[in-house]
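Next come two complexes built around chain A: one with chain B, the other with chain C.
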Partner chain A sequence: MSTGLLDPGVVRPTALARANPVAKLAVALVLAFGLLLSVDIVTAGTAVVLELALLPLAGLGALAVLRRSAVLLLAAVPVAVVSALLGVDSGAVLVDLGPISVTSGSLQTGGAIGLRVVAIALPGVVLLATTDPTDLADALAQVLHLPARFVLGALAAFRVVDVLLDEWRQLGLARRARGLGGDGLLASARDVAGRAFVLLVIAVRRAAVLATAMEARGFGAGEHQGADRTWARPSRLRPGDVVVVLVGVAVTVVSTAAGVAAGTWELVIT
Partner chain B sequence: MSPLVRARGWGWRWNARRAHAVRGLDLDVEAGERVLLLGASGAGKSTVLAGVAGLLDGGPDGTGEAEGQLLLDGVPAAEARLNAVAAGRGQARTGLLLQDPQAQTVLARVGDDVAFGLENHGVPVERIWPRVEAALADVGLDLPRDHPTARLSGGQRQRLALAGVLALEPQLLLLDEPTAMLDPEGAVRLRDVVAERLTATGAGCLLVEHRVDLWVDLVDRVVVLAPGGGVLADGPTLQVLAQRGAELAAAGVWVPGHRPVPRSREGSHGVLHQNPGAATDGRLLMALEDVAVGRRGHGAAVLSAVAAQVEAGSVTAVRGANGAGKSTLALAVAGLVPPVAGRVRAGRPLVGDPAPAPSRRRWRDRRREVAPDDPARWTPRDLVARIGSVFQDPRHQFVAQTVADELAVGPRRLGLARAEVAERVEGLLERLRLDRLARANPFTLSGGEQRRLSVATALATRPRLLVLDEPTFGQDARTWVELVELLAELRDGGTAVVAATHDVELCEALADVTWWVGDGRLRVDVPARSASGR
Partner chain C sequence: MSTTEKSDAPSTPRRRPAGIGATLVTAVIVVALAALVWQGPTWFSEDGVPGAAQPGPAVLTLVLGALALVGWRTAPRRSWRVVDIVVASVLGVAVGLLFTLFNLAWNPISGLLGGFAFLGAVLTGPWLLGGVVGGLVIRRPGAAVFVELVAAVVSALIGNQWGFFTVIYGLVQGLGAEVVLAVLLYRQWGLTAGLLAGLGAGAAFGVLENLVSNAALPTGFQLTYLALAAVVSGAITAGLGGWALTRALARTGALAPLASGRNAQRV
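What follows is the complex of A and B.
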């Protein structure tokens, strides 16, 4: 079983897809920072358009992106709709149903918020879709020099997630076999709690065995001795990675400039 | 020259435990020696391996308290391990292989997983990959470096873990029941690879294993640990097995020449049996009609066009290689997962008379009555009354805080009177030797006790059909005999047993019918002895 969204997919190995994960992470963070400064439809809209235009460079088909970002769209649409319905009213009233009204102002705010969610999350989707978790861990440890023990521990734990999903399914079947379930909502909630507890017990046990196996192969021993661990997959920044980051910066700047030019860009400090 | 391993009065007590796991151990192991470590469960065999591996930290922030000496080449074992890492040559003193293949894989790609230990030991990158390739070749894993570890079978996974250990060129392999969770072919393959590598490298081994028969030719010395501490016997393999064979067999060790023999029990205890009249309303409990099984959302079915029947009072063994669909088929028979095609039809004797309607019947229950003969659509309450399931990992099916409560879950779901529930619980506790543990938490039991409990919970509702997935996996000889006796007794009482298993001895002892699965098909094999009618 696989987590889908986090699953590195079949991706064409384009320059962007092969860029160092840290560069892709930087792009996602730069865009997020730029877009969080203002809630306006022109900035967010321009960013989304530019991102979609650049998508082919990431080697991802539109369908693949759509499938991976399904969760994201599910979040963006309700956020937009709720903002449109309940947002601060301004401008022409379009629909009026007592407390719920849609004005051109609130509609714009709703659209802006929805687009902003998409614009910020799209680079993240691309990052996850084109990056193997192992490569990300390599880059975090070697390029950003995060502690190896922390990064590799998280990576090993990440691999166990798939195993635990399988365990979760087994637990569901086993509880049906014991005659549990099918008694309405309250019992179901208790049932889920019971399953979660057993899963936790199994996960802790599994983690202990994994930790033993890792330690037996020398993991974490270097720290006591001052000896350095080496890396089988060297990860370093190349000129291409700088280009990738610059493209990310350019998208942020162009979107913001478009917003400013249209007069919709407005700094929000909350 | 001092031996490779030297223990003198060594002992270890885990924090939060009052008793020592190991105590008073005196043991010398020379370089290149192949030692089998035996002892009853709880004698501290795994703790000895962890100690030699240098993984037990008895310091102020450690996991326990050590006493005596445990030296590797004259240096305390934990220190020896760290020194080897710091030396930067990528040579570990010892290599540890554990039982659970799934729990030992560190990384997502085969090559990366083998490289992990070399990286930790500070081997320069240009020397890592040649050693990775060599180690993979040594264990016979002919796979590309970037092959996902998630797609390996249990046997492949265990050989991968071995490759990760061998890449570090250890002088001593520490093997902790390395084949307990593998199918027979996988176990033999792993044993052969270990034997070949020990010979090629001249390394020694310290092996913990209760299936002695598989390893007896490989080891040249047997050490038997006493449960209370110290060494019970130590000497050449055949000599120790000859002198202590009976004693070891009684303690659950699978000793060659001491094959466990189930006794027949003529159903002396009534606790397992149906009401006698039940056997008269026909024998056909279940029919599989052109059934295909597979995992939902995973494309093609693993097994299709299955036509077979389950009769009352028979034992059916489902056999075949790993991944052939044994467990998936068992889930369909158990009414836990619907088939992807065809019909699993429960016969009249299994469904029984229409259940007396509970006072509050929910709409969901009524909806399910549309297909009263489809087990996958029964309510959990109906299912547990008719079919008992025993999972491969007993822990998956534990839902209560104590052993006694665990046994009461099923009967309570049936709405039985309190006295009846108590009576069934008492009977099963006694029959399965769990009475001493009635108030213990199921998760704290040993492997054999957990297995007995999981079977007992499935029997508490007295189902007419019992479905088991690898019930004897990793069990010692004593638990094995008890399971065989219990299943025979159930069969004689009219219960049908369906067991997915690799265990040849289990099949020989019990199977009336064998379902062979392979190449996406099922073949039914009825040996002559049961065709004559039992």
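What follows is the complex of A and C.
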């Protein structure tokens, strides 16, 4: 499926890129829950280093990886700064401005929080970029056995992304032709809000038509009669997928072990 | 034709054991959560010292959890028609595109007001809309989670600054709204339901954000963050905004095939 916004660009077919989407999802989830347990700079730092070392296996071009992962800093840096400024103080005082103070302790936790955000978000970015929505839907329904009607309904809706983007542009042109909108922050915000509402109306109307069309082709039939659905694209776990999941588990275990060995690992929820 | 309401009597002749299993698992989780609250987690006390027992909040957790489970099992419209599924999916995708719009706008906003630490708590409302609008428009059990999750997946697949976190947050925020609608037994869809569902989504976001981003900050900050997220982003922006949006959508007639459009039509 090729949609403009969802197109990952050129993906080299490495073992990681070709892995079953469910395996990629498992890797991202294992890393997320493993790393969320503790806030410490050693665990998060080790995880980020290991992930960066594994990046070339993702199958994306260097430029694509850089563009997609650099944007993570936009979220991670403010979180780290707030934690360093307002966090619980300990250790030597570096900067003191009344209620806001930076100590070596709070600087370290700030760094740990920021690194942790990157460590959890990064695999998701890279793995999502190499995942085709169709493959994802096939895997979710056949491997995880999620309800097929919902998975396929969502997949059908993904194809509407391009249509909605087109509608968005046309709405802008139509509003301009009618003399709506204008310059200035407030006017453009109101303009965007108006377009967003009409976009929602169009989306719901289109969905009702789409539902009728899908039902006319037998979608959702036999759901309660025990009929088994057959699949055009079989999706199953292969030995390579197990390896991918094990690598994800290994990254989590090694970083946690590094944190424990350094004595900084500490369970955050007590 | 798909858009006419079929009989809402449960069309499943045999009870699916999977549903009962999930209910039992959820019941166990609720009891465990109530027990945890009774123990008095460090959140209720100052400076991380385990607090005294909290029987009041624990009983409240238990009652709300039981109500949510009863709501889930006895919802008046348990089965989804094809039109419900497809409208919920497309609504999720459209909301996901709006999320992307806010994702892009977020960086200049947070750059301008970067010194204000509670920024996220006050301005997260737009990202909570999926659960409220989804629940109020579709009016089926699971609609809030489904719409918010689809929207989050679209936002993550397009690519944003939060990466895989987007999916986790979407799931948790959707669950926050869903639990509230379940506690209301899936029978309330008015302004109150919208406000409370928004409150639930905002509180869920606040708890998750405290675990992820604010984990190193003082307890007082975290509690203020949670309260602001639940009331300002949740109840006011997402709750009131989501309810108004749903009503405006119904007025256009676009929701006519759905449960929410049927009693909103002016004759």
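We adopt the following convention: the second predicted complex is superposed on the first by the 248 of 270 C-alpha atoms of A that agree within 3 Å, B and C clash if a C-alpha of one lies under 4 Å from a C-alpha of the other, contacts with A are read in each partner's own complex, and residues count from 1 in each chain.
Following the convention adopted for this analysis, a residue touches a chain if its C-beta (ideal position, glycine included) is under 8 Å from a C-beta of that chain, and two chains touch if they have at least 3 such contacts.
Being a predicted model, the structure only gives us computed values, none of them experimental.
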- Item | chain B versus chain C as contact partner of A:Leu146, first or second or both or neither | neither
- Task: For A:Trp231, select first, second, both or neither according to whether it touches chain B, chain C, the two together, or no partner.
- Result: first
- Task: Have a look at where A:Val243 lands relative to chain B and chain C in the superposition and call it first, second, both or neither.
- Result: neither
- Could you tell me if A:Leu52 is touching chain B, chain C, both of them or neither one (first, second, both, neither)? neither
- Regarding the shared-chain residue A:Ala262, is it in contact with chain B (first), chain C (second), both, or neither? neither
- Query: Can A:Leu165 be said to touch chain B (first), chain C (second), both, or neither?
  - Reply: second
- Of chain B and chain C, which one touches more of chain A's residues? C
- Message: In the overlaid three-chain picture, which partner chain does A:Ala157 touch, first (chain B) or second (chain C), both, or neither?
- Response: second
- Message: Output check: A:Val79 vs chain B and chain C. Expected answer is one of first, second, both, neither. What do you get?
- Response: second
- Task: Please indicate which partner A:Ala174 is in contact with in the superposed arrangement: first for chain B, second for chain C, both, or neither.
- Result: first
- Message: By the touch definition above, which chain A residues appear in both interfaces, chain B in one complex and chain C in the other?
- Response: 133, 156, 201, 206, 210, 212, 214-215, 219-220, 224
- Query: Can you name the residues of chain A that touch chain C in the complex?
  - Reply: 5-6, 28, 32, 36, 39, 68, 71-72, 74-75, 78-79, 82-83, 85-88, 106, 109-110, 112-113, 116-117, 120-125, 127-129, 131, 133, 149-150, 153-154, 156-158, 160-161, 164-165, 168, 192, 196-197, 199-201, 203-208, 210-212, 214-215, 219-220, 224, 268-270
- Query: Which part of chain B faces chain A closely enough to touch in the complex?
  - Reply: 50, 53, 55, 81-86, 88, 92, 94-96, 98, 100, 102-109, 111-112, 115-125, 128-129, 132, 149-150, 161, 164-165, 168, 331, 334, 336-337, 362, 364-365, 379-381, 383-385, 387-389, 391, 393, 395-399, 409-410, 413-414, 443, 457-458, 461
- Item | Complex interface listing, chain C residues touching chain A | 1-3, 11-13, 41-42, 48, 50, 80-83, 85-95, 97-98, 101, 107, 110, 114, 117, 137, 146, 150, 153-154, 156-168, 211-218, 221, 245, 248-249, 252, 254-257
- Which of the residues in chain A come into contact with chain B in the complex? 132-134, 155-156, 159, 162-163, 167, 170-171, 173-184, 194, 198, 201-202, 206, 209-210, 212-222, 224-234
